[in-house]
Amino acid sequence: MIVLYTDFGWEGPYVGQMKAVLAREAPQVSVIDLMHDAPAFSPRPAGYLLAALAGEFPLDTVFVAVIDPGVGDPARRPAAVRADGRWFVGPDNGLFNAVAARARHASWWDLTWQPGRLSASFHGRDLFAPVGARLASGHPPPGESVPVTERLYADWPDDLAEVIYVDHYGNCVTGVRAASLPEGPEVRVAGRGLARGAIFAGRPVGEAFWYENSVGLVEIAANQGRADQALGLAVGDAVEIRSAG
Amino acid sequence: MIVLYTDFGWEGPYVGQMKAVLAREAPQVSVIDLMHDAPAFSPRPAGYLLAALAGEFPLDTVFVAVIDPGVGDPARRPAAVRADGRWFVGPDNGLFNAVAARARHASWWDLTWQPGRLSASFHGRDLFAPVGARLASGHPPPGESVPVTERLYADWPDDLAEVIYVDHYGNCVTGVRAASLPEGPEVRVAGRGLARGAIFAGRPVGEAFWYENSVGLVEIAANQGRADQALGLAVGDAVEIRSAG
Amino acid sequence: MIVLYTDFGWEGPYVGQMKAVLAREAPQVSVIDLMHDAPAFSPRPAGYLLAALAGEFPLDTVFVAVIDPGVGDPARRPAAVRADGRWFVGPDNGLFNAVAARARHASWWDLTWQPGRLSASFHGRDLFAPVGARLASGHPPPGESVPVTERLYADWPDDLAEVIYVDHYGNCVTGVRAASLPEGPEVRVAGRGLARGAIFAGRPVGEAFWYENSVGLVEIAANQGRADQALGLAVGDAVEIRSAG
């Protein structure tokens, strides 16, 4: 299974062009769109979100992930990462940092293969899709193995105490795993403490609260309302985690 | 064939996460996105729209349909419905009322199966997708058969004289089947009678009119313009049907 | 492979309804969404864009392309076109003009087949999808062969010096192939000459420039900014091409 994770949006031909390459290079492999509105130009929050989502997919899933910037920058080497049995292909701009740092077993390859055609602006189609198709077909990464520790951003935290995604409903996903919270956790945004909620239907309409979302992250929501608007939140805004105990 | 009908939007990972479950549980079954912008938080109009669309799909199609609210509310039991040879899986919040009420043959099951993981906020992924995969693989519904009449909303009308969906072009779909109109029908919105139109190219540019749309519903359109803006219409607004005869 | 190219948007049931027909009529054929936000009501720019994109797809790909207006207009005959080994099915409103005009080998059929059900408003589902499914299954076009020259718009240029698409990032794609530019090309919009750029990361943030995009067209971009807003550009706006030499 190949899973696409990009900031391309659903508009435009870009996703379809990547799928054309995948259909040609790996016609027997199914392709799933995980999301195409990952935080644009923001590989750091996009990477924490990807790490939370990836565990839902079967072993040997190949994630083809593309978030600007970094694509096309000669100082960054495109990467293939194997983390706990899943593959990740894309730019080395931090997008795979959380996935690799959290994995019990991780390996990293700098991609050295050059396609016959490599446009300056569309590495997703020209480089990452063909490499993803190869990996999904059982071939090894066309690159050079490097120690994972040389590629990790040593100063990035285990959990990112920021809003990393605002969804369709205005819910604000954070980069904090609920399992990593201290005892008696207090979650504060914009100087304001939030109550912990369980299910949407149990809260007063419009009230903001936090809960553990379906992929284990702290998420800020408002029942039948938009938490982003109620609290003035956007991607990158800080969340404060305290122990009330 | 599994058909997805939700109010999740195309943004975010939610549709992709459901597809990951379907790919794992029913890898041989094709999945089609019918729509992901069904009226949000509005299972009643969403249900009349689903009833109009479902007839286009082959027998044994499994619709996995998720519209809030109702998901996660303990007073509502998730449902599997078989109506004229097609399956419908989702929350029992009225979404399947029109489908079941109009069917010549309908059966209803309260779902009693509990998945190993059931998040409070994502029954689409944890409950409805796995059940849909089972049904698409030929297994019976994992639940308790109940008389359909016990689950129908007795006071809901056969046709819903309201705008139930506003599309990309501003066209306003109503919940009224053209075949149910009286002789010499007059369609009025916002106190204003509308002419009946046939094809778009035959109308003056910008003029609002009504016609029988491609799934048999009364739809209000404006040639190369937006009927919703021209007439100030939104989902839930009343449409008046009279007989001019 | 069947490729969908429409102005339907991702909203609404329309794409899903077409896919239901394709799944029924050609269940073994994979379907790729190329784009659903092709310029609405604008078959001319949509056609130049399609011509630039089509070459990426394998031989025998069937493009089912639908752009209003023209659909439903009795003066226009729906068309099947074979151009350099690929199929194109849709309305004859200019959408296939660039594809056919540029092909070394092109053939044109007026479609004469009438489906059992032909709604006035949804030829994509009722006519073009079934014909596309037939072609993808190896059957000949159900219509009448006509000379391509009788169907071409003789006064349409080889390249369209206009903005033909504005993407998700605000990049403005033009209908001019970079390979057709004169020596020492100068690209001007809104009275202003633009520098030629190579890759995004190499330009100052926010600066507008032009470059050859990943399908060979002149495209106007702004590094990490929106060129459409910076330059006030929209689909249909003229681009001036000069030779500075």
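Order of writing sets the chain letters: A, B and C. Residues in each chain are counted from 1.
Everything below uses one rule, namely that contacts are C-beta pairs under 8 Å (C-beta built on N, C-alpha and C of every residue); 3 or more make two chains touch, one makes a residue touch a chain.
This is a predicted model, so every value here is computed, not measured.
Where chain B touches chain C, under half of the residue numbers in use are shared by the two copies, so each contributes mostly different positions. The angle needed to superpose chain A on chain B by their Cα atoms is 120 degrees, rounded to the nearest 5.
The centroid of the Cα atoms in chain B and the matching centroid in chain C are 32 Å apart. Looking at chain B, one finds that residues 10 touch two or more other chains. In the complex of the two chains, the chain B residues touching chain A come out as 8-17, 19-20, 23-24, 27, 40-41, 68-69, 72-73, 119-122, 125-126.
The residues of chain B lying in touch with chain C in their complex are 1, 3, 10, 30, 32-37, 49, 53, 56-58, 165, 167-169, 198-201, 211, 213-214, 224.
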